[in-house]
Amino acid sequence: MQEMMIAKARELLKSGAVQRVLGWKAGEFAYDVEPAVFESAQELEKSFVYNDFCGSNLSKYLIAQSRKEGKTLVFLKPCDTYSFSQLLAEHRIVRENVYAIGIPCQGKTDGETLKGKGFTGILSAQCEGDTFTVHTLYGDKTAARADVLPERCLNCKSKKHMIYDELLGEDGEVLDSHRFDMVEKLEKMTPDERFAFWRGELSRCIRCNACRNVCPACTCEKCVFDNDASGIAQKAAADSFEENMFHIIRAFHVAGRCTDCGECSRVCPQNIPLHLLNRKFIKDINELYGAYQAGEDPDAKSPLTDYTMNDAEPGIVYHRGGNQ
Amino acid sequence: MQNEMTTFKPKIVAFCCNWCSYAGADLAGTNRLTYPADVKIIRVPCSCRVNPMFILRAFQRGADGVIICGCHPGDCHYTTGNYYARRRMTLLFSMLDFLGIEKERTRVEWVSAAEGAKFAATMNDFVATVTKLGENKRLEDLRCKK
Amino acid sequence: MQRIGVFVCWCGSNIAATVDVAAVSDTLKNEPGVVFSTNYQYMCSESGQNILKDAIRDYQLTGVVICSCSPRMHEATFRKAAAAAGLNPYMVEIANIREQCSWIHKDKAAGTEKAIILGRAAIAKVHLNAPLTAGESPVTKRALVIGGGIAGIQTALDIAEAGFEVDIVEKQPTIGGKMTQLDKTFPTLDCAACILTPKMVDCAQNENISIYAYSEVEEVKGFVGNFHVKIRKKARYVDTTKCTGCGLCTEKCPVKKVSNEFNLGLDNRRAVYIPFAQAVPKVATIDADHCNMLKSGKCGLCAKVCTAGAIDYKQKDEIIDREYGAIVVATGYQPIALDKYDEFAYSQSKDVVTSLEFERLTNAAGPTGGTLLRPSDGTHPHTLVFVQCVGSRCEDDGRGKSYCSKICCMYTAKHAMLVREKYPDTEVYVFYIDVRTPGKNFDEFYRRAVEEYGVHYIKGMVGKVAPRADGKLMVQACDLLANEQLHIEADMVILAAAIEPDPSARHLATMLTASMDTNDFFTEAHPKLRPVESPTAGIFLSGVCQGPKDIPETVSQASAAAAKAIGLLAKNKLTCNPCVAHSDEWMCNGCSACEKVCPYGAITYMDKEFRMPDRTTAIRRVASVNPAVCQGCGACTVACPSGAMDLDGFSNSQIMAEVDAICKMK
Amino acid sequence: MIYSYYPGCTLKNKAQELDRCARLSAQALGITLEELPEWQCCGGAYSMATDEIASKLACVRALKDARTRGHDLVTLCSACHNVIKQTNHAMAEDADFALRANNYMAPEAEYHGETKVIHYLEMLRDTVGFDKLAQKVTHPLTGKRIAAYYGCLLLRPGKVMQMDDPENPRILEDFIRALGASPVLYPYRNECCGGYATLEDKALAQKKSDTVMTSAREAEADCIITACPLCQYNLMKNTPEAGRLPVIYFTELLAQALGVDEEAKRA
Amino acid sequence: MSKEFDREQILRTSGVNPRKCMRCGKCSATCPSYDEMEYHPHQFVYMVEKGQLDELMASKSIYKCLSCFACVERCPRGVEPARLVEAVRLQVVRQQGNNHLKANDIPALLDDDLPQQAIVTALRKYSK
């Protein structure tokens, strides 16, 4: 696949159809793959990669790239296309300046996940069928593919591309995932248990803003938490409570817009399962206002800018979900 | 301690839309319908002006309960404002519940300009509910590092 | 830092009795930014306002907090006073320590503490207030009157007389309303038609008035001075420009058994009809539910006989878009359904009728040509029993209405008197709970019914009406003063059914965003001081839609509503509410969330070039709010994730400052 | 369809026909009436006093038993129906009464009016359907002019009983029509016959019954039907013999029209 | 027992608020026992409100109510006078020796067809 992509990129650059390529580039370690812009064939040859560590969602980078002179070629995994589509709906990306190529994805792992599974001294890794081989300082180690994928890929919601100009490889289908299982489990807990759970998780937050920076829905020109006029800016240091507010508000601000790409949890250095907050909103919206997935249908009305006369009353919260 | 418990006076913030609920609160006053002084009303043009940030901020600053009052659905002065408020608050309250915060601390009630009695009754009931829950510790504790 | 003055009002003892006003002003004196604090007996009085004005000048105040009654009461007063002293009126904030404090709390300590907190919240807000300048918006010089009864007619005539265009929308085929169905009017007994029909003709002839009869308001958008209204002109299947009102079609139509609503179903009309001889506009209407041609395509007789060629079976409803500066609601009333009061046997005997039906039975243009006859057998009734308060003054249990319908005592006296006058051989009983006759010459009128006409007024209620097999109505009642149960063999029973707002009013109120009370009467802006205005700017109330009234009162209110509407239309520009949304272009993402929730379409987008700090330029899509269209609801401010959209006068930081001030105490 | 069934004392004794015909007819209509095994007397009149608890417990027990059995409860005697329905309403709506009543009884299973109580007539109207009933009639009573006598207890208080419009009911008239007969409307069909006063003040009971009887007679009825044994007694015993119309139970009429009564006699 | 006690007890037993009455007399207009009563339904409401209980409690009127609920059904203010009549009666019969109907009297009143419910209710209504 990587070769096909490089060939395609080179061809488009050469013909002048695109001026730059947005993809992933290899870093110092095998798992240090990061998003990058390539402007020449040489750069592509040198460091363009597409492998099992290319988890990062490139769509957010298009906000800046698409405002540049000329066209940008971007490679989008199925879940990235949801974000791309949503950002288009929000007028954040200049569509004419983007040439989007859909690429297949079988799930992406990352260094954190591998380390969590006990792999150390990782040199490189590769996957053949269902067997995942990690080359380490201490020799090759193998694992079942499913064991090295993060939760978001195990519960992949879709292998189908929502929007693209061209497709490399086969398109997949929207899947029946179990992505709400954990939310459901939490809902079934008592408030005390839920509180204990979240206290355990959120108390680790160091307010590094990584979640915000990576999130393709958090694309504000200036975040409200950085806005003096909002009355809530720059309070992180002053008040520990801010963090709760930050995560609730952040989840609320992306409610109805979050494509559930899971980047927030992937980048969190403290491994807080932040995506659960977003999924809770998605689940509630599905249950209360009808099935809706941001990024799926550009013509669908976002549930928070829409209403019906017979919507549930807020009091429904007292009766549904969760134990007393 | 016992004494402290019995004299607990909750802090209640009530956001009232200018056209219906604030007028309903005025009517409660005009009719001398009493409710506890723990309720402090903030006037907003419409229930759709209530930003979740305001509610969280109130809790952050020590409020024990927050209630949002607006025109009855269909009667919004701005036609549709309370419909948006209804969705926003439903989702926000559900999220607070998800985080393990007592759901009874938040409430939305539709009170028209003619419903002074309902306003007073609502406030009496809400204050009683929140008083029973006691001080709002959870939101403050959520990130307590100790 | 603002220089803030605090003024605590006693409101006589209204505030001072439960709030220690001196303690409030003393405590608030120590708040940051407060340079002056005082209390006074009546801040709204002239001397109170002078204290405010003097302080603004003497202390160079930049902000003012008044702790007083509800801002809904005197905010405008104090803003005006501040402006007179040179302070921007939007630098004034009110702490409501009367309706929301002193009046609801009995404990002075608690009341005082709360008043101080409310004062602090207002001070915290004023710190963040900025001077606002109100914009202006133009006024469309045309009024809409919804409802063409006597209320709507009078309002329209008065507005037209003042030189403004006015449209009447009436859902029935003719204007005139309930009054056209009445026979005589109290207390003078002049004939309703004689005084009403000339006014209807005036409406038709006045060039400033357009009548949209058989039409309904479909949609209302916009705001005071600039309403956009869609009117649905229902298909009459008759070209009103061609129809001469000759009535030939109504004689030839073969469908004869359609219940005649004008006579309340006491007789029948044809499928094509003109409600009554003096209808305005006097044109025929085809009732699509009963017309053979429209139902099955078989007939076409009316088209054949119409020499003017006015019949048009293909006519469709028409939607008319009009713009108005003011809207007057005059939707009137209807008698309640009596199916829940069948102890009076209304559904069991034709000879038990409502008072409005009785009007038709005594009206010369009615089904009996004005001769009073029993509907069941057409015989002359000898004993008539009138029952008052049927469905009025009831406990709120879903059966009746809690209010007094106000008109029944007088029209019943009228009915009783007229019956006795015309048919001296009759016995007339009126069962009453109270006789309520406040009004000029009203009690005299009632006394005449008793003293000169010999109507038997009996204090007590009827418990049951039993229609006997021989056609007599056995009335079982109580004479409270004689302390006996009466059994009267009556020929007719007339029920004074409660009146309720026309059912169309509920939906209309929603469209107009005008508030209603629990009985679906429109709410007035102030029960005493602004009785003909709705709290929604530009909406005025005329007639029974606001509460039960008789004709003289309705006409007075109709003229009052007209005067208010004229006052509005006479202005060239309206001062807008300056508390509107604005977008910070630097922070705006251009995502359109705000636009989607704006009920007024006040938000548009434009591509704007920005000079970035690094001297490059960037073109970004940003929102822009039209302040003349924005009404300041704030829906957009919450939809905006970045906080770029904010609301002047109720900004994020202002509201949060209030929250902080309220919550951080102690 | 299975219902729990509360017959009441009078139906076991003086008003056996009311009960017998109801059971036969129900069977013919495919409805199973399961008599509650341990019902006790309802007390005959509902005490309106808020502090009368003990006298209502028999009803609460029956209602609770019906809840346990999981079927709606059908009653037949107007008085029993009135008392049980009002008690059930109080258990559901009057928290104070429910608390005190529950405290008297086994508190492990509180009762709050969960059982649905319907009268046999409501069962005919809402479960069987009068149109379906008409189809099952084998011996239509064509030409018979029948006056329905509701009395007080079936209809009032309307807010609680909720069977029909208390001032202009039609359920019995519709019933009569379904059997092929003609209902006769007369104004005193929902006025009191004075039955409760028959021991206390015979003259009063006679006066009230006569009003009802006269009213029905003037409307040219052939007979009167009722659901209440006390009304039946009163109209038959406390009215002058001259001009007295026969007063029978509505279930007798039903059994007759369904043809089940004859069969029973033959068997 | 004091008059005030009786009044309190009657108001509590009946659950009636006589102040809701607007003196329309519909209860008395509808009452089938009106002519048998010395004090009529509307007077019960008025007299209980004013505390004129001796007269009511001594009157035979309390035994004349047929419990037909007509006044309850038709009262426009939801006063429910029948409840008051019953409460006054209970106030009388609950006192020692005040049973209006004694078990010994019953056999004389019976006939062959009298349904049980007549006896049961008479005992319930008139005795303790």
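A, B, C, D and E are the chain letters, set down in written order, and residue numbers restart from 1 in every chain.
The criterion applied here is as follows: a contact is a pair of C-beta atoms (placed from the backbone, for glycine too) under 8 Å apart; a residue touches a chain by one contact, two chains touch by 3 or more.
Given the structure is predicted, the values throughout are model-derived calculations rather than measurements.
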item	value
Chain hops separating chain D from chain C, counting only touching neighbours	1
Leftover contact groups, counting everything except chain C: A, B | D, E
item	value
Maximum centroid distance from chain E, chain identifier (CA atoms)	A
From chain C, the most remote chain by mean C-alpha position	A
Interchain centroid distance [CA atoms averaged], chain C/chain E, Å	47
Chain A and chain C, separation of their C-alpha mean positions in angstrom	54
Intercentroid distance (Cα basis), chain E paired with chain A, Å	77
Where chain E touches two or more other chains at once, by residue number	70, 73
Residues within chain A bordering two or more other chains	224, 230-232, 304-306
Chain B residues counted as touching two or more neighbouring chains	52-53, 57, 74, 80, 84, 88
Chain pairs in mutual contact under the definition given at the outset	A-B, A-C, B-C, C-D, C-E, D-E
Residue ranges of chain C touching chain A (in the complex, touch as defined)	584, 586-593, 596-597, 605, 618-621, 639, 641-644, 646, 651-653, 656-657
Residue numbers on chain E that touch chain D, as the complex places them	12-15, 32-33, 36, 63-64, 66-70, 72-73, 80, 82-83, 86-87, 90, 100-101, 106, 109, 111, 113-122, 124-126
Residues on chain D engaged by chain C in the complex (per definition of touch)	159, 165, 167-168, 185-188, 191, 215, 218-220
Contacting residues of chain D [partner chain E, same complex]	8-10, 13-15, 41, 43-52, 55, 77, 79, 152-153, 155-158, 166-167, 191-192, 194-201, 204, 208, 229-230, 232-233, 236-237
Complex contact set, residues of chain C against chain E	343, 389, 393-395, 397, 400, 433, 459-464, 476-480, 483, 485
